[in-house]
Every structure is written in structure tokens, then in C-alpha cells.
Amino acid sequence: MTTTIDPENLPFISETSVSVEIETEGMTLNIGPQHPSTHGVLRLVAKVDGEQIFNVEPVLGYMHRGYEKLAEVRTYPQITTLVNRIDWVSGFSNEIPFIAATEKLMEVEVPERAKYIRLILTEMARIASHFVFNGAYPLEIGALTPLFYAMEDRERVLDLIESVTGGRFHPNFNRIGGVKPAAGAGPATKKDIQDLPAGFYQETRDSMETILKACDKFEDLVGGNEVFIARTKNIGVLPSEVASAYGVSGPILRASGVKFDLRSTTDYLPYKDFDYEIPTGENGDCYDRWFVRLQEIRESAKIVLQAIDAVPSGPLQAKVPKIIKVPEGECYVRAENPKGEMGYHLISEGGLGPYRLKIRTASFSNISVLPWLLEGVLIPDLLAIMGSFDFVLGDVDR
Amino acid sequence: MSFGLELAIKVGVIAAIAPAMALALTIIEIKGSAYMQRRPGPLHVGLRGLIFPIAEVIKFIQKEDIIPTKADKSVFKWAPAYIFISVFGLFVIIPASPTLIVRDLELGVFYLMAISSFSTIGVLTAGWSSANKYSMMGGLRAAAQLIAYELPLILAVIGVVIQAETMSLVGIVEAQKEWGVPFVIAGQGVAFVIFMVAATAEMMRVPFDMPIGESELVSGFLTEYSGIRFLLFYISEYINLFVMCAIASTLFLGGYHIPLLPVEWVNFYGPLVLIGKTFALAAILILIRWSFPRFREDQLQNIAWKILIPLSLANILVTAVMKVVF
Amino acid sequence: MPKFKLRIPGFLKGMLIVFLNLFKKNVTVNYPFEKEKLTPRARGVIALDEEACTSCMLCARQCPDWCIYIEGHKELQPPSRPGGRERSRAVLDRFDIDYALCMYCGICVEVCPFDALFWSPDYEYSEYKMTSLLHDKEKLNEWMETVPEIQPLEN
Amino acid sequence: MDQSENTSLLDSLSSNFPSTTNDFDTLKIFVKEDEWVQAATKLKDEYGLSFFSWLSAVDWENDVSVGDPPKENVQPSFEILCCLSDTSDGNFVILSTTIDKTNPIINTLVNVFPGASWHEREAYEMFGISFEGHPNLIKLYLPDGFEGNPLLKSYELLTREVKPWPGEVDVEPMPESDEEIKGDDEQ
């Protein structure tokens, strides 16, 4: 349901034609690691003339935990616990590409039921991540109430994830070869099967209904508001060539008009069995980036609704040795993370842990385009554009 | 009664009413916004949170009042006083009934506009003297915004003055009583909207709260203030809200007058009616605060200079023509 | 002169939504007085069943954070059948989990081959001093009561 | 995997580039060091692989002080990987070249893909590889006073040395414990 006010012919309130006659020397403003709206510890050193910025230089590394080095001293089951802490807003979907890469190297066939459960939980993680964006972005622009409504709806999805996996942010539910089969390895705990709990289907259907209603509420409350449109329309327009040259992926690339979604091209999860559209924006400004993510919540809710009815029965995990040694080989698997393309380049030399694990995160490339995009922009727009990129510092600094 | 005693009583009454009204509006805003966001708001303070503002006042008084080393000490210390004085000054001309008024100035509206532009100095000095880039930008934004919205505020009121043919607020309310219909219906509806928009900008409330833009400027010119100085800013913000809504209801909604009630007891129901109308207006402003994002300051200037001022000039023209015709 | 196209002004609908939310029930769970219903699989704390543990050190090895410390020794037990030889049995001296380091990943519970470790959703064990987050085996045994039974599953 | 079906890209690539491998559905092209930039521009212009995914390096070393050494010993060198993809049907190619460790210099891809600058800065500070012609080759993540290149295999992890491993077995292993547990060597 598009908004009642069609975005084309609503004229832009004002254009920022700030003509500088008075010669004022620039000021370097540290939008520093400690700032209310840098989504974490990102520091922007901005050369500012009055309110207009003419050069922004992000300083990274405040959140660098050195995951690629840690991965080399960990065994494969331990890395999944490490990896879902990269983008902590969408916990579950970080593990998927790594597990898929290991399974590909070990040539393990994942049972259907495990694939469907993984798909349902990934789409729920996407809904949770996009709700955080839906709550935090209006906050950047000054509206305080959408945050509370977004967090309330997100609570529903997190409770569902917790009822299945036990953890809300860091579910750690994926095992190589499938999903966590049982609570333990002893005679009694082996029988405590970690399958979907009773009443899960009914609860998910109710939650998805309320989430679809919440999306319409957000469309009126945030998208319809003229002040929001004035603050986000035609601001931070990112052409698609620049986006792909910098490796910007995910909702931001789709907002620039590129209809490219890794869910439909690679088959790391059975997305082919469901029909869903890929929302794209027209002119790649902040409004489109916000609107594409709102549509994606709707699509994910639809996918989950279809997926619950079609979950096949069967084992939860394929036959996998207790001590996992991945045979020699090298492969790169990428997945559609809520923030963009997340990929793992896994080089294994047959040891207990990988020889080298390159983690390609979405937000790192997404914000590498910011210095180009923030030339000559006013400070409030800097925050509107940065907010629309929905990055998480763990994702950026790894 | 000698003038001194009368003056002392009046100042005493105002010194009691103004903070009480500010605390009442604070609790309405905090509890109201909490319920709007489906959370209970402050609960454990006492009486299910209703005495929260008193707790806050005490908290701010006993908090340490930090003055940054590089700040311009004397200017930094005096900044909150300017705003406090300008906001208190406005109480002089608000009529709770034809006699219940500090002083019914002939040039009431003129006095009103002069005093209300005094707070700009307070905000600018606060921003400039805190030796902090963010508060300096907040101060400059505030100065530009307050000056830009001074004009529509004044031009909107001129329409009312033409229609009521007097500048004294009691006279304006009497004119509305004689017209039988409050001015907001009798031709001054547009002026009322302009006045409310300009008043929101004067009070630096959302959607015009760029000077205290939390997500951009940390908290604008208030960044370096703490302790009792921050309390002065905080209380004067809510007194400003009360005063502006009181003036709006006096000029446009008929102040202490209600058509049905008998005129003799105006001294009794007058203040209640005035406070009722003021709190209604304040409630609308509170609802606006929690459902709007924030403008960018160049959009804000555009709205002031390109929409509000031409509109208010047109309104004056129409009122003048109507005055001549009827 | 930018003009506002006022068909159904968006901000009025926005204000209506915020106004209607005024009358809806509050969502907050008032923590100390009302407690949120926990899902039985929530990973709150790890409980240890002391008899079952044979100090095989598998969980201490697999723990990514190195936060499980185990010491045990061997003991001779009286023979089960009269005349049989004594059986040597590993006895647990010390089994500490340092919850300051633990990241609740659950590898230890999964790896334990003797049903000694269980998850319990209880979470109210915050401390004033970080060192007292090191739970010894008596404390871990206490958590055993809070471990829920096996929950019914979807068909 | 759809990657392996579209053989059109595979055979058109293998015609132009000598050694392309496609195991585990990862299309990998080996190029000599000096053809690095031309290969990238060719891939970008002719094959439409205009999406710059990532660029990184691998430190091939025999005596490693961290993790497990490679299976058969390998000639010590840096392997530089650069992944390019297209934004239509999602196939990707990994461009790879090896440079020796004595003087690790390779020319930069910034003029072909502006997005490469941060990835190259990261490889510079993590491996010590310097990129010829990079506009501002300074540290990206690490604080200024940090010496050493962390991702080199010779760079040990300090905390693992300081803290004794709690998995130390001071009680004799269980008599009937199966072989696998014993084989679990120390990390």
C-alpha cells in the first residue's frame, strides 16, 4: 500500500543553495566516537564551514575485535559462536554463510527441515534488524515516538527466536550439517530434541499479522509526515554506478534502483520455493532507503507465513563426525544479510580450524561511500544520510 | 494599600503561580508522552510518579553546577538569568479577569513583543560562552531561529489588535465578549495558526528544536549546563510554554471569558477558564512534540520568511479591509 | 514558494496514531513487581549435576572463552559385586564456571557426554563484585532445581 | 548451485585467462603480478563485473605460530584476492595473484574501483603489503602507536600465552574414553 501522498510531485521544501560570500575559515568538527547518533563508536572528522561540510574522513577501529585472527585459533563449532557477534542486530543471519561455506567444503547434504527452520529464523532476524532501523532512523531526524513502537513489535519477533533457539541476539543455533539437534550428548539430554516448540506455528502467524499491521502504522506515522518527507526526499542521492563501484550492497543498492537480491540468485537457503518481490527505490535518496526496508519487512513477513505451512518433517542434522575436520579446500559463500551482502572466504587446510577466514561484511563497504556522498552537505543532512545507511559498528570494524 | 505592598503581593502571587504551572505542565508532558509511547513514565517517585517534577527540581539543585574551564565564566553564569527574566516579565499583562491582572498596560501587546524577544540574548550568550563547538552552533541556530520567528509572531498579533482596536489585553478580551465570538472564529483563524507555529519556534519545541537538536548537536546550547543553571533553563522552558499558551488563549480564544456564565463572578471562574484553555493548547503542543520529526534550519528559515510572513501580512490586509467595510 | 499539498495531511494521521496510542495498555513489564514469562529454552545459567560429572574435561576443552576450571582425582571404590576388584572412579574436586567470561554459547552443555550440564532460564544472579560471578560446584548444583523438564514439540 | 550452471561465464573466462579453477562453485582466476590492474579492468568492462565485493590477502607460511600449519609445505608468499561480482544474476569471480614476502608491493586498484581504497588500507596494516599509487595509505583500524602486522601467521596472540589453558588434563584421561577425544590436540 503506497503512501497517500505520491512522492514525485511533492516539491522539495527548499534546496540548499548556500552561497558563501563572507569568507570564513573552516572548522574541524569531531563527530566523535562519543556522539548520540553514530550508531556506535564511529568517528567522523568533518571540515565544516558554518553548517556546511566540505570534507568528511571516517576514523574506524574503535570496535575492531580482530575476528579474522581469532578465527585462526578456534575450531569450527567455536567460530559460529564468534561469528554471530559481528552484526549483533541481526544475530542469526551472520552464521548462515559461514555454515554454508563449511558444509560446502565438507560436501554435507543439509536435511530439508533444517533448511526451512534456518530460513524462518533468518527472515525473523531480518525483520528484527529492519525494525531497529525503523525505530532509530526517525530518532536521527528528531521524531521520538516511532522508536518505542518499533521496539515493541521487535520484541514479538525476538521472543519467537528465543523460544526456538534459547538466545535472542546470539542464538548460536546453527550446527555444521543442520540445526542444533539435541540439548546435549548424554543419554538423557540426547532425547531433549531442540525442534520447534509446541504452539510455535500459531504464535508466528499472530505475530506476523501484527507486524504487517505495524508496517502500515509506520507508513502513516513516519512516511506520511511532511516534515519527514522534507528531511529525506532528494537527500543523499546515491547513483547505482557509484554504489557498485564502492561495493555498497543490500537495501541501499536496491534503493538506488538496482533489482539485485542475493536471496534469489544464490541458493544457500530454499528461497526458490516461495514467491516474494524485491522492493526497489527510484532515485536512491534517504526516503527510498527507508521505504525499501519497510517493504522488506512486509516481504519477510510474507515469506515466514508461507514457510510455516511448508516445513517438511525429517532429521534436524545430517550425519557429522563429533570432531569436525574440514577437508582441504577454498570457497566463498555470500548471503543476503539485512544490511547487505555478507560473505565468508574460507581457506581450510584440513586442520581443526580454518587456515584463513576472510569475513566480507556489508556495513564496511556501505560506509566507504560516505566520504563521497557527504560532500557539501549540511550537518543535519549528514545525520539523515548516515542514519539511512543503517550500519552497525561491529559489522564495520569486525 | 501603598504601591510597595501591592507590588509585593502581586510579585509574590506570580512567583508562586509560575513555577507551579511549569511543574504541572512538566508532569503533563512527561506522563502524557510516556502514555503516548505506551510506557508508564516515572512511577516510583511517589503518588505513582505525580510528584516527579519536585523530585527533579531537588535533584538539579543538589547536582554539581559545572562550569567548563575555558568557558567565559561571567557570561556563562548569567545566561540562564536572561531567559528567566524575559519569561517572568510576560506575566505582567496576562489577565485572569478584568481586575485580576498585575497591571493592565495600555500598550499590553507592544510590551509583550518587546519582552519576549529578550530571551534571544540569553540563548546566544549561553551558546557562545560554553566554549564548545556544538553549543556554539546551537546558540547561533537559536539566534537565527528566534529572530526569524519574531516577525510572524508580531504580525499575527497585529491582526487581532486591529480587530479589537486596543492594545491592552483586557480590552481585547472585552472586545471578544462584545463580539460574542472568540477571535479565532471571528476572522483571525489564520492568525491563530501563524501565532501557534511561531510560538512553537519561539519555545524551540519540536518540530523547530534545532538549537537543542539532541541527535545532531548533543543538546545544543544546553550541552555544558548542569545543576541549578540547567534547572533555570528547564523551568523557564516550561514557563515559556505556559505563558505563550496563556497569551494565545487570551488573544484568540477569549481569555477568561465564557459566553454562558454570569459576568459578576468573573473573578472566581476567570482564572480557571484561562488555565483550562491554556492547558488545552499546551496539550496540543505536547502531542505535536511527540509525533513530529525536526526541520532542517534552512527549511525553517524558508517557512518563516516565505510562508508565515507573507501570510500574516495578507491577514493584516484582510482584517484592515474588513474593519473598513463593517 | 513551496506549497503543502494538503489532501489528507500526513502529519494529522501521524498525530491521530500517537493520540490513539494514549489509550492503549502500557507495554512495559514493571520488573521488580511483575516478571516476564521466560521461554523454557532461554539460556540463563548453566546447572551442574555433580554425580553425573566424571571430570572428563571435554567441556573445559571446547569452551571458546576458557571459562570452565575443573580439578578431579581418582578414587578407589568398594567393588560393586562381593569379591570383584575395586573400581577406580574419577571424583570431582573443583568445577567452576566464571560467568564474567562466559558468553552463554552452550557448547559445553552440548558436548557433555554424561548429562552433567543443563541450561536453566533463571537469570537473577547478578553480583556486586565481579569475582563472585565465579560459581563453584555447590552453587551450580543449586541451579539444578530451576532446570525445566523437556517441553512438548510441534508435531 | 547456480554458479556452476552458467558455464557461459566460466568458459568465456577460461579462454582469456590461462588458469581458472571452479571447485566448490568459486570461480577463481590466477593472474601474474603485473597484469593485476589490466585483469581487473578487463573483468569490469567486458564481463560486466562492476560490483567491487572485497579485496584481501592470505599469508602462506610453513612454520605458523598460530593455528595449524598448511598440509603440504608451501612456498612462503602473500596471495592477494579480489572478489568482483555483477549486480544482475549474482555470479562472482575471485581474482588472485601471489607476491613474494621479501618486498610485498603491488599496484593499487583505486583508479579502477574507488571502493578498493579502504580494503587496501586494511591489507596494508594487517599484512604489510604496500599498494603502489594509493592516495592515502595509512592505518585503517589499528591505533597509531601499534607496530607489527597482526594477520601475519608469525604474529602470536598474547592472551593465549599468558593464561594457562583450562583444558590441561591433570587427571588421567578416562580409561574407556574413545580415541577421538585423545586425538584432540592442544590449541
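Labels A, B, C and D are assigned to the chains in the order they are written; within every chain, residues are numbered from 1.
The rule is simple: contacts are C-beta pairs under 8 Å (C-beta built on N, C-alpha and C of every residue); 3 or more make two chains touch, one makes a residue touch a chain.
Nothing here was measured: the structure is a model prediction, and the numbers come from that model.
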{"item": "More contacts between chains, A-D or B-C", "value": "A-D"}
{"item": "Centroid comparison with subunit D (C-alpha atoms), farthest chain", "value": "B"}
{"item": "Separation of subunit B from subunit C, taking each centre as the mean of its C-alpha atoms, in whole Å", "value": "53"}
{"item": "Centre distance in Å when subunit A and subunit D are each reduced to the mean of their C-alpha atoms", "value": "24"}
{"item": "Inter-centroid spacing, subunit D versus subunit B (mean Cα positions, whole Å)", "value": "63"}
{"item": "Whole-Å gap separating subunit A and subunit C, where each centre is the average of the chain's CA atoms", "value": "27"}
{"item": "Residue list for subunit B, restricted to those that touch at least two other chains", "value": "36-39, 290-292, 302"}
{"item": "Contacts with 2+ other chains: residues of subunit A", "value": "13-14, 74-75, 145, 149, 152, 221, 225, 227"}
{"item": "Subunit D: positions in contact with at least two other chains", "value": "184"}
{"item": "Pairwise chain contacts, counting only pairs that touch as defined", "value": "A-B, A-C, A-D, B-C, C-D"}
{"item": "Touching residues (chain side subunit C, partner subunit A) in the complex", "value": "2-5, 7-11, 13-14, 17-18, 21, 27, 39-43, 52, 62, 64, 103-107, 109-119, 150-154"}
{"item": "Of subunit A, residues touching subunit D in the complex", "value": "60-61, 64, 66, 68-70, 72-75, 104-105, 240-242, 244-249, 253, 258, 260, 262, 264-267, 321-323, 328-332, 334, 341, 343, 345, 347, 349-356, 358, 360, 364-365, 368-369, 372, 397"}
{"item": "Subunit A contact footprint on subunit B (complex, rising order)", "value": "33, 36-39, 133, 137, 206-207, 209-210, 213-216, 218, 290-299, 302-303"}
{"item": "In the complex with subunit A, residue positions of subunit D that touch it", "value": "1-3, 23-26, 28, 50-54, 56, 58-59, 66-71, 81, 83, 87-92, 94, 113-115, 117-118, 126, 139-143, 150-151, 153, 155, 157, 160, 180, 183-185, 187"}
{"item": "Subunit C residues within the subunit B interface of the complex", "value": "1-2, 11, 14-15, 17-19, 21-22, 24-28, 30"}
